[in-house]
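For reference, chains read A, B, C and D in written order, and residue numbers begin at 1 within each chain.
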């Protein structure tokens, strides 16, 4: 309990906790879950965008999308490394993803159906992610905070690229405009879900806030996202698919319809449009890759022993 | 030897040999090889055309192509049945195809690269096949001759459909004309190969002729094919890719360049453009289907024993 | 949005997309008899597509043809159910998908033979004979493989588990279905569901397969709101030539 | 037929098609590091495509762009070698294909840095650095898997057997190659073949893999006479959007 008080005092003072520092088990567990889920989200998040790489409309767009998906894999890698400092291996985390014990962001259980989705994912999904992640650059756990700094920089680049795609579509042919609107129609509510359930119903929140693992309330961030995004949609000439959306002068923000939380919980339960496919794809990649990982390890072992014999 | 003389006399008299009749081992073996290869050709022949079913340009063309490929599987089935009357099972023949002991027509080792190939396959490949097969309706082995009657009827229907595709292409846009010419350029010499090497170099021919398993010489049929096909190409406004092609008044037929027999023998050896893929596709179909065949057999056995128990 | 046009697109897009999927098997089936049967099923479905989309194009009255609808719409304008868009998987999965569709298709077509629209009734009368045969074959195969070896049983159970959440969409009425029923063009989907459930239950019982204990049903295919990612890939193949050579005659 | 244009298309189509193939792996590699590396390779190849096809379009002088060449030619106008069109297969097959290509690509680009055409030399100088890295990676992986477990060794040997007949086309000169060499634009392919063979032999020896005892080489890709059936399927995906929405800006 004394240790605990010192620990909390350090956090309150804005110190960073480093891997070798003492930390409560709950702090460690919560962080492993949170960082792990975040890492898994980056990895699974390759799939919906990867779906359009081979169909990108120009060489330039193909290159940009490839670079983006590559960045996502890179983010996954940093985050697994950050999680590993807490005493869990990447393989352990991976297995928990693959057998469903750990989750990833529910947004990646939605399909990408047109090229405009590549715009909408960048604009809305990365937009929402940044909104969640920017405060985490100040999170109390050092490796996580540092990973977030790097990730946020790249994510905001991705978001601008996504918005640029939307601009081209919204200023394009009739079909392109329709495509852009259709993407917004499908992605809007799932993006709002990315902030999680209303604070009232959110578990773990209070403790996480005091540990500075979670920096803001879900509703607060969701409001901020809506306030930022609606004018962007207007600028694109697109209509946010919420007839009740309107500016509220008093609160200085928009009133808006919340997402369908039943749908959200169905997606969490595995009933999203693409849960099965996403997990199947990752499981297949892992299973099909087993001989590769084993082969490369065997070769590395041979080289090590040859080197030792030579010394 | 007496039996042999009677046998040959029956053949010379135009009798049909039936499965239960006595026949020389060589006759049986040659027929198994020939009918088996023919059956395999129908089965493997599904693949190059199957390659374009999902890309057929109209619903009508898709339906016609599906019907054609279905007919080919049907031909394979009759022919395996005809071969089975000679005391070999379909599974034995299939295994010999799959491990390379038995061949199929070398033409199916060429790729289908544009929609015009669906026309050219029908026009040239089915055309050459018919030229080979029409005389076989009079072959000495009853089940084979009867299978040929049915097959030839359908093949000539396919050939007309193929020619119809070529007509549409040749009378179509510039791109379609170019597509049609490109298909003829690629398919012409492989079609000439379908009649086999020059008679001078052909093995087994003489015995097969006297047994009426083979009815005509390779060169004779090839000449007939060229004489029939060149005017059809002219009618389409296409150029046969043979600069030395010209009408020879004296012989009443065309002089033409023979195919590249080195290429032919490479294809037979397995070095055609698609040999590996075709065999891999058939092997995969067979291997992947094992559990299905076993499952259905197990179910049939359960039903039989349930029925017996009930009786 | 004209619900009658929507409805006809649903019928035709289902047969088009399923026909495409089934045709992917050509030359790759476990035995020749199955190659023939699958090609035959695909052929029937494409033939039905010509009738449904042909009527849809007429009803729309914008001078489009069945081929235009098949070859020149993008994914969002398709009205195929999610079930028929699902990949073939192994042979068992293909046949399970086929049975789950055929059983619905049969009941639907039976109902449509009573349509107040004579053209609809006529198409249904023609199609129902073919589909009667499809469902016989697919149910026999599901039973044979379900009640076959342990391996085949497990594969069929996995296929059922995978595809079950896509079956519900076919029988869940929405505004279009309600409008069609109200006008006497199409039967009541809730009635169809009863017959469908009974049929599925009896076949699965014989196949010794367990229907998942969930009524959760994916949606978004027949409304067009949210198709599967698969549909777009199907279209890249299916529409290639028409897109690459616009206006050509084939 | 302008051999210079043909030659530039060969360079650009090889990188385009191989880049496409490699990009199919995104999100499906055996470990994250490989996901990153494969995406990086694809990215380099697409970047090189922009340069080669950009120059090809300029040389052609018909107002086409690199994107037009990539997105609006049909298969017969492509000049990619058969090797790069081959399917990914498993990870080992993909890396074997990559190594067989990279080893040629490196020698070719080294030669092209000496081109009398400054634009060609410039592109080659840029690309050669990237490809130096590609070949390091692919040869290391081929060695690691060839000399790994028995399973990985057998898979790599199967991959080599499968792909070997497609390697020869890269080094077999034809009229276009001869013209390019004569003009001092490109190196002599027979010289490249010597360096290529040496490189392949040393890597395969280290990988404990046996090079098939046959010099048989498929041809028809780089001449465009007879591509593989795979190319057409690649194009249905790659060109989909440009074909479906002609003239749109993305």
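Going forward, a residue touches a chain if its C-beta (ideal position, glycine included) is under 8 Å from a C-beta of that chain, and two chains touch if they have at least 3 such contacts.
Note that the structure is a prediction, hence the values are computed from the model and not measured.
K.L.:
Which chains contact both chain A and chain C?
P.N.:
D
K.L.:
Applying the document's contact definition, name the chain pair with more C-beta pairs in contact, A-D or B-D.
P.N.:
Spelling it out, more C-beta pairs touch across A-D than across the other pair.
K.L.:
Compute the centre of every chain as the mean of its C-alpha atoms, then state which one is farthest from the centre of chain A.
P.N.:
B
K.L.:
What whole-Å value do you get for the distance between chain A and chain B if each is reduced to the mean of its CA atoms?
P.N.:
Chain A and chain B have C-alpha centres separated by 56 Å.
K.L.:
What whole-Å value do you get for the distance between chain B and chain D if each is reduced to the mean of its CA atoms?
P.N.:
A distance of 36 Å separates the two centres.
K.L.:
State, to the nearest whole Å, the distance from the C-alpha centre of chain C to the C-alpha centre of chain D.
P.N.:
Between these chains, centre-to-centre, one finds 41 Å.
K.L.:
Send over the residues of chain D in touch with two or more other chains.
P.N.:
74, 236-237, 240
K.L.:
Using the touch definition from the top, which residues of chain B touch two or more other chains?
P.N.:
Within chain B, the residues that touch at least two other chains are 55, 175.
K.L.:
For the protein chains shown, what form does their contact graph take: line, ring, star, complete or other?
P.N.:
other
K.L.:
Let me know each pair of chains that touch one another.
P.N.:
Listed in label order, the chain pairs in contact are A-C, A-D, B-C, B-D, C-D.
K.L.:
Give the list of chain D residues in touch with chain C in this complex.
P.N.:
My answer: residues 74, 233, 235-237, 239-240, 243-244, 246.
K.L.:
Quick check on the complex: what are the chain C residues that touch chain B?
P.N.:
Listed in rising order, the residues are 16, 19-20, 23-24, 26-36, 39-40, 42-43, 46-47, 49-50, 53, 66-67, 70-71, 90-92, 141, 143-145, 147-149, 151-153, 155, 237-238, 240-242, 245, 247-250.
K.L.:
Show me the residue ranges of chain B that touch chain D in the complex, using the header's touch definition.
P.N.:
These residues of chain B touch chain D: 48, 51, 55, 110-114, 175, 179, 182, 185-186, 266, 271, 273-274, 276-277.
K.L.:
Quick check on the complex: what are the chain D residues that touch chain B?
P.N.:
74-76, 162, 165, 216, 218, 220, 225-229, 231-232, 236
K.L.:
In the complex, go through chain A and note every residue touching chain D.
P.N.:
Touch list, chain A to chain D: 43, 46-47, 50, 53-63, 66-67, 69-70, 73-74, 76-77, 80, 115, 165, 168-169, 172-173, 175-176, 281, 284-286, 288-300, 302.
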